[in-house]
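The following pair of complexes shares a single chain, subunit A, combined with subunit B in the former and subunit C in the latter.
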Partner chain A sequence: MNTKKYILKRIVSTVATFFAIATIIFFLFRMVGDPASLFMSPGMGGEQLERIRSSFGLNDPLYVQYYRYMVNIVTLDFGVSFYYQSSTGPIVIERMINSLFLTMPAILLAYVFGSIGGVVMAWRRGEPLERVGLLGAIIFRSTPRFWLGIILLFVFAGILGWFPSFGMLSQDIEFRGHLALLLEPDFYHHIILPIASMTFYLMGLPLLLMRTSMLEVINEDFVDVCIAKGLTQREVMFKHVARNALLPVVTAFAVGIAFSFGGNVLVETVFSYPGVGRLMVDSVFRSDYPVAQMSFLMMAAVVLTMNFLADLTYFYLDPRVKAE
Partner chain B sequence: MSLLEVKNLDIEYQTKKGSIKAANDVSFSIDQNEKFGLVGESGCGKSTIAKSLLRLLPDNGAVTNGSIMFDGTDLVSTDEKTLRDIRWDEISFITQSAMNALDPVYTIGNQIVEAIQTHENVSKKNARNRAGDLVELVGLERERIDSYPHQLSGGMRQRAMIAMALALNPRLIIADEPTTALDVITQDHILEEINTLTDTINSSLFIITHDISVVAETCDKVGVMYGGELVEVGPIEEVFVNPQHPYTLGLLNAFPTIEGGEDELITMPGQPPDLQDPPQNCSFYERCPYREERCAHADPELTRRSDSQYAACFVSEERDIGAEYESVVDKEEVWLKL
Partner chain C sequence: MESTMIGTKTINGYIKRLRSLDRESLQQDIELRVEKARDVFEIIVANDLAKIGMVLLAIFLIVGLFAPVIAPHEPNERQTNDQGDWLRGEDPSITYPMGTTDNAHDIFSQVVFGTRVALMAGMLTALMVGGLGTFAGIIAGYSGGYTETAIMRIVDLAYGVPFLPFAIVLVIVLGANLWNIVLAISLILWRETARVVRSEVLSIRELADIESAKASGASDTRIILYHIFPKVLPTAVLYSVFAIGWAILAEAGLSFLGFSDHEMVSWGSMLQAAYNGQALDQSMWWWIFPPGICISLLVISVYLISQGIEEVVNPHLREV
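Moving on to the complex of A and B:
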């Protein structure tokens, strides 16, 4: 099969999956709670409740609501938040970018250092270095994320006082858009601890994966040929063995990015960081459909996009994929 | 002077069940432009010897005694750096399975370029040109340098491997079962290719195989291995015409000839010795139809039989086992009567 046809096929199936997920989300939300109750206060009559319901379109038949919902998704109109009483889009997008600022560096650091660590550990098989690394990876991997966060907070913010203990910016500094945020030293001061606690947790997986994958590749015949060619150990390990061992790590990376969106709810909560994970949890509790729906849809979109990109990377990493 | 001289080589593997002696006091030499074939059944230690020449033994394997002199350098004891310079530049290596010998994620061309650029200071473009020439030399189209290994057939891959082995005009090419994974027709072509191309670049050839007909077709000299020991070595016209070890006799009759003569194929019953607990007497004793009393108590050394033919057998020093064997009509019977 040629490359273009394959990519086209993957795009179609990605989009189809997205709409299937959108449908599930739609019905899921209509099965729990009545959002109109959010606006109820003691003394309100049934009439007023009805009015609220119809103003949000909640009285229309389900298929009408569904149709409207789908049209809105296609036109990227995610409605008005029941809770914030303003357009959903900017709210979710802002929080999402906040989250990205936390997740991206953490996951990149984790996978870069994790993979390199995995290569070194496979290379130094049986030496004390490997045992220490393995133990460390397993400890960080099995430590609950919030617990590691609390320890970091306790030591570095509490006892040592090197870092602030919560939020994204100090109280006296105003948020003036994400570009300004990136130029604000105070922001970096705040984000180091949450990034560190995520990085340590995330690093275990690529490290262990890379190590196992390397140990499989190391026994292949072509590795002998590479050594026989007169390459240095480092060249053999990084250019050949690691390059072949990278595939499962790439998959984990793509899935990891997607998952760390949902997973960082915990880190965001511990560090009181205004990310999309916290927003998602809050809006579910508030029965704030538009915000929750959009958050979930965005998450689905991220997961699907990352999977799609991982498939494309395979083309580059493993020429054999093209043949299938 | 010989190009490669292996002397008293012992190689052991450490396993959970104890150590395995894969090579026991093995000595042989290969001259400049000579083609040497090492033949023996699976597990006799022949691949181990091939790998030890380039120090490619797995972590649990080690040379415990002996030397491998290559043009004045002892490959057993020399430092990593010197060894790296010798690898591929002077000794290249064609491996057992054509399927997995090439890195699946790089093109053929890139892998040949890598070999060239590791040892010579040439531009990428230049090296690519040479890779193209090499690929053509082994009978592939020039465009194949941009193919990945999985896009080639087994035979084509082995050709690509040969092209890579020739890239630096090495003085010795080691070919470890170069044709085993291929079909019979391709086997023949590849063998011919290796044969003529080693002549073209004036290289010596060390070919490891279980197939004695491969040796017959290619080599000047043959070594026969059994149970980690070299039991017979010499020029092929002498070894094949006048074998001095009963195992060689058996091997010669165990393969069909290309001409398809009248001779029936003989199988030697029995198993090779357990290398974990190698016998103290002659290693072939258990399967030998000519064994005598003394063979049960002592281990024969290689002794000179003619100009340059050596064999490790007490019996053939006094009896002409070749003639005795020829005179028997039902040769199968010789092996079965044990």
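Moving on to the complex of A and C:
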């Protein structure tokens, strides 16, 4: 298939999927509750409530609201938050970047160590080390992230007192933009525990994938040639077999970013970290549609983009896909 | 007259022979299948890790089944001393093997009853994911054309939805109970089963025995039921077993966030109570560790078994 045509096709279907998800989410959120109740105070009359409803356009028929919502998405204007009483965009984007700061290091660490571990496991096939690795991968994947987070909090923040137990920054330090955050040692002090609790969980998949993929490649003829050429076993494993076995892991990496983004809610809750997942859950409880919707859509956009990138990498790296 | 007699006799004899042949082949067929099933079972059992998984799972099943007998107290029963005061945050003792919560509940009984919720969530999701995913995958792969495109677009949609956030929204809309949690999880997880089953069906469709079945006039239903379904069954089972693990973790996560039936004690809701109930500040390790260890062990047992099934599906993983 033609490269350009393939990419174009994938872009169109990704965008279409995004709008389908946006539609589902619109109707789901309308079923959650009445956002006007957020503004209810004991002395408030029905008349005042009506005014609030109409000022947010909640009295219009559903299709008008839906139309406005779709226009908002296309123009990237997500309206005013019911709860924060300010524009939704900056609130969600700030939380989104906070979440990325947590997810990216965790997933990078997990995939680097996971792939190396997978190579070693395939290399030591049949030895006790492989067993240990296999068992380790299964244990990592079976341990709930939030529970591991609680345990880490319990041991390292509670008993040993090495790390702070909540938030992104200590109370006396002011948040001054994300660039300043990256230069702030206190920030790193805060994110070590949440990152650790995510990394362990995320490491299981690349470990298993890399091992399986290596075992497939190891049986191919070119490996015998490499050995016959007199290359050391380390060279054969890491340079030749691993490079050919990496494809599924690379694809899983992109999808993994997408996946862990959704699962962040749990870790963010345990560590009271101001991320986008936490924001969505809070906003759902407050019936703050604009924020909840945009948070969800941003997460969906990340998932879709990553899936798209995964497909593209596959397309570029594996000539067999192109031939189809 | 005589010639027709001979004719019927011959025909009767012929039919009789055909029938016995048929019976023989049926018997052979059954024998073959039993043998194959035994082979599959032997491959799984030969895998030590899978054996450990089966034993672990069996223990959890027994605990779940006999929960009311094993648990000394009701999960939500307040424990009091002789004066009628609540026993809050008691250390583990002989009466309370895992201590009590800050609301004077017996933790051991809660853990035992929580087993039921986890097992139910896991098994129901596996059934739904296996059923829905296999059905969609076979239909998509076998029929092709617009049907295939439509089904695969829905699969793409399910892949684009962030898992936990979607489950949260759905549970809020439909109401927080176990069935809705299972439904929410299944609505996402069927995607993987459908995709894998479809790609298998695509290659099975090209096999000679499907061609010959078609040529001899077998209906689509018959081909799907007798020729395609048995071939994708191992994969379908494997992905259903994976789904058990996912579902238990997701259910625990949702309960931890507070999206569960508050009448029903689950391991996730126990951890939520512990986290909110200052178990961390008061170093109540006996409240934090047991539910989490149980979640891990149950999911581990499932993954160990799935790893044995994987050797059936993927023969090159088998050690020779």
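The rule is simple: the second predicted complex is superposed on the first by the 319 of 324 C-alpha atoms of A that agree within 3 Å, B and C clash if a C-alpha of one lies under 4 Å from a C-alpha of the other, contacts with A are read in each partner's own complex, and residues count from 1 in each chain.
Here, a residue touches a chain if its C-beta (ideal position, glycine included) is under 8 Å from a C-beta of that chain, and two chains touch if they have at least 3 such contacts.
Remember, predicted model here, so these are calculated numbers, not experimental data.
S.K.: Should the superposition on subunit A be reported as showing a clash between subunit B and subunit C, or a fit?
M.R.: Pair status: fit.
S.K.: Regarding the shared-chain residue A:Val92, is it in contact with subunit B (first), subunit C (second), both, or neither?
M.R.: A:Val92: touches no partner chain.
S.K.: Look at A:Leu202 in the shared chain and tell me whether it touches subunit B only, subunit C only, both, or neither; answer first, second, both or neither.
M.R.: neither
S.K.: So, does A:Leu231 touch the first partner subunit B, the second partner subunit C, both, or neither?
M.R.: Touch partner of A:Leu231: subunit B, not subunit C.
S.K.: With the two complexes overlaid on chain A, check the angle at subunit A between subunit B and subunit C, Cα centres, nearest 10°.
M.R.: Apex at subunit A; the opening toward subunit B and subunit C is 70 degrees.
S.K.: Touching A:Ala252 in the superposition: subunit B (first), subunit C (second), both, neither?
M.R.: neither
S.K.: Which chain, subunit B or subunit C, ends up touching more residues of subunit A in the combined arrangement?
M.R.: After superposing on chain A, more of subunit A is contacted by C.
S.K.: So, A:Glu220: does it touch subunit B (first), subunit C (second), both, or neither?
M.R.: first
S.K.: Quick check on the superposed model: minimum Cα to Cα separation from subunit B to subunit C, whole Å please.
M.R.: Nearest C-alpha atoms of the two chains are 7 Å apart.
S.K.: Show which residues of subunit B lie in contact with subunit A when the two form their complex.
M.R.: 51, 54, 56, 84-89, 92-93, 95-97, 100-105, 114-115, 118-119, 148, 150-151, 161
S.K.: For subunit C, which residues count as touching subunit A in their complex?
M.R.: Per the touch definition, subunit C meets subunit A at residues 49, 153, 156-157, 159-166, 168-170, 172-173, 245, 249, 252-253, 256-257, 271, 274-275, 280-281, 283, 285, 288-289, 291-292, 295-297, 299-300, 302-304, 307, 314, 316-317, 319.
S.K.: Going by the contact rule set out above, which residues of subunit A touch subunit C in the complex?
M.R.: Touch list, subunit A to subunit C: 13-14, 17-18, 20-21, 25, 28-29, 31-32, 125-126, 131, 134-135, 138-139, 141-148, 150-151, 153-154, 158-159, 165, 212, 215-216, 219, 258-259, 261-263, 265-266, 269-270, 277, 280-281, 284, 295-296, 299-300, 302-304, 307.
S.K.: Which part of subunit A faces subunit B closely enough to touch in the complex?
M.R.: 220-222, 224-232, 240, 243-244, 317-320, 323
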